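Read from first to last, the chains carry the letters A, B, C and D; within each, the first residue is number 1.
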Amino acid sequence: MESHSHDYHIDIPGTTVFDGRMAMKGYALNKMCYDFNRAENREAFKADPEGWMEKYGLRDAQRQAIRDNDILAMIEEGGNIYYLAKLAGIFKLSVQDVGGLQTGRTTEEFKQFLASQA
Amino acid sequence: MESHSHDYHIDIPGTTVFDGRMAMKGYALNKMCYDFNRAENREAFKADPEGWMEKYGLRDAQRQAIRDNDILAMIEEGGNIYYLAKLAGIFKLSVQDVGGLQTGRTTEEFKQFLASQA
Amino acid sequence: MAQVLGGITTSHIPAVGNAIDKGLQDDPYWKPFFDGYPKVHAWIRQHKPDYVVNIYNDHGLGFFLDRMPTFAIGAAHEYRNEDEGWGLPSLAPFPGAPELSWHIIESMVEDEFDITSCQELAVDHGFVVPMQLFWPGAPNNPDLPRAVPISANTVQHPIPTLKRALDFGKALGKALRSFPEEAKVVILGTGGLSHQLDGQRAGFINKDFDQYCLENIVSNPEELTRISRMELVEKAGAQGTEFLMWMMMRGALGDDVTEITRNYHIPISNTAAGTLLLECAA
Amino acid sequence: MAQVLGGITTSHIPAVGNAIDKGLQDDPYWKPFFDGYPKVHAWIRQHKPDYVVNIYNDHGLGFFLDRMPTFAIGAAHEYRNEDEGWGLPSLAPFPGAPELSWHIIESMVEDEFDITSCQELAVDHGFVVPMQLFWPGAPNNPDLPRAVPISANTVQHPIPTLKRALDFGKALGKALRSFPEEAKVVILGTGGLSHQLDGQRAGFINKDFDQYCLENIVSNPEELTRISRMELVEKAGAQGTEFLMWMMMRGALGDDVTEITRNYHIPISNTAAGTLLLECAA
């Protein structure tokens, strides 16, 4: 039986549960990324990343995480991986590239890690 | 206990239940009316009603109902009153005007009919 | 833990907002309607709720048929009132209470209600008019509580059953009472009573059925779950299905309630207007 | 009345769509994955379903956080595949079956599931890749059944419980079997198995837990309802919560099923890929 509060989450190392608390924090960031579904918005971001982040009202830590291409910081700032994947697409990063960036591995090392679990 | 089919509706004289069947019929009409929430769309419709109805792909019977300001025909064609109310707003019709139009009464007669039920 | 003070029902007809704007409260047409509110105002002043859960039905502003939720719960920092198509001036946003929203959503999804959560939501007259009725000048009223909007589908059949609406309210009440904050909550059930805007039966009002609903919603809401949705359309009128909001509100109050005030008037605009204030046992 | 032929599960990873486009089925990386499909193809050719209920989870194309439904059911004449942000070419629309959709929605709302009905819906790889896997060339495959897409929320916690997902399936099965048309229906449960895309634990895969799920989803799905949602995140990975789609599919099949084929392979992209075909007793 789970308890009735949104602090019921168990601690899962290396894992951020995208609950209401994270969603409140990340709404602007996720909205910007969701809108990358449209090519014209991707082009506008590429042409002027700072102006585009301003337009969506991202806070400073979110902007810095994007400047640094720091996926873990984006997640800490409320980014949801499904929306962030669209931002990663702009930088032509595969999910294995993104996995490597988050775990301190090269993409090749990350692929080997995946295969090692077979 | 209600039966398991979307033909379970009882017959209620003078009343169209806006179910899936009506919604399938009226989607384009209702979408056009929903978009009247935005002033620029209302202006575009007023400037060129035929072109605007074409843009939303209304079928002939729906266009004719609008040309005739025939509310009952709009409902027959799948229009939902909540969305149609936004179209009525463009013509500056009150809900009592709309009630009168549907029941063959003047607006004043319709108001008296309402009060008579007290 | 939070406390549910009670529940208030009211019609939410757009014309009411207009009458408030123009100061028509003592006009002969409007007076019998507005006479239902002073006792509610006194009760609100006395109890000063911290939060208001506003249960209303969207009329084609916040939701369209492309994504029509059965039950939607707002989880935003604020709620914008937008142009509904008639060019009426929009108000300043209403402050939200997202921590409470998420607490409710967590609790109700666990209790098997399939909620649509809304982190951005435009609210129409169904939400706004009751706020203006109960907190004059809203959102610019210093006593205005922070709000959680809840909208149920009455636009697209199938609509929820009366039993599901009452059960929704019960699960909502449980969620509110487990919110870990010393806070007072009032619940609004807005819309109704009998009315029909569309078809040859436009103008239909059913005083007997309304009185039956008013009696039973206070003392025996379970009785009302025997009404099928098609019977509700037949007896309350096509738009009288808004009575589902009253059922949802009522479920959250628990068994032991006291009726503080009641008003019923025909017609306001096309509608039989009902106002009811129910206080929960302390 | 319609007949539920059976259910098929599959992963729906975007890279699979890419591999199909490039004809990589016999490539050493891909072969162990695509080897899971010939038996499924033969079964589909043999049974020729008229309708496919495609249970998937949207990944941020059809829904955003402003309106996030727990359970959404498409009720459109067709479903568009749109750009998901990577500029991949969109396919022609997939034909819908709105009469069946509305029958399901009517039945399930009556059975107290709080459905969000979607009369317009863009479908992402979660819906499209399985269609391409099972009906090569889809939507341009003459055997492609008309589709009802069903999407459950795995983006925003709280997500539905495993019990609610299984119960959803049971109510779905009841709805399908009461559809007044002699027609054959196949149900897809897409997504999973264990994987995690985000955080320091990215790349997490859990073979033991996947095997436990594969065993029980066939013979004892009730056992799986004991898994809490946080346990599911812990053991299946943050995105392994897509296993809820398998639970929904399984509930619709009834108690008496026969396993026709099973495949399990690690890894495809970041994911443990599972394929299962379960046939219902006639």
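We take it that contacts are C-beta pairs under 8 Å (C-beta built on N, C-alpha and C of every residue); 3 or more make two chains touch, one makes a residue touch a chain.
Model, not experiment: these values are computed from the prediction.
Taking A-D and B-D together, the pair of chains sharing more C-beta contacts is A-D.
With centres taken as mean Cα positions, subunit D sits 25 Å from subunit A. With each centre defined as the average position of its C-alpha atoms, the distance from subunit B to subunit D rounds to 38 Å.
With centres set at the average Cα position, the gap from subunit A to subunit B is 44 Å.
Residue positions of subunit C touching 2 or more other chains, listed in rising order: 65, 105-106, 110, 117, 119-120, 156, 158. The multi-chain contact residues of subunit A, meaning those touching 2 or more other chains, are 2, 8, 19-20, 23, 27. If each chain is drawn as a node and touching chains are joined, the picture fits none of the line, ring, star or complete shapes.
Applying the touch definition to all chain combinations yields A-C, A-D, B-C, B-D, C-D. Residues 2, 4-6, 8, 19-21, 23-24, 27 of subunit B are the ones that touch subunit D when the two sit in their complex.
If you check the complex, the residues on subunit A that touch subunit D are 2, 8-10, 12-20, 23, 27, 30-31, 33-34, 36-39, 42, 71-72, 75, 80-86, 89-90, 95-96, 98-99, 102-103, 110, 113-115, 117-118. For subunit C in complex with subunit B, the touching residues are 59-61, 64-65, 82-87, 155-158, 196-205, 207, 228-231, 233-234, 238-239, 265-267, 269-270, 272. Every residue of subunit D that touches subunit C in the complex is listed here, in rising order: 63, 65-72, 105-106, 109-110, 112-121, 156, 158-161, 163-164, 167.
Every residue of subunit C that touches subunit A in the complex is listed here, in rising order: 75, 77, 98-99, 101-103, 105-107, 110, 117, 119-120, 175, 178, 180.
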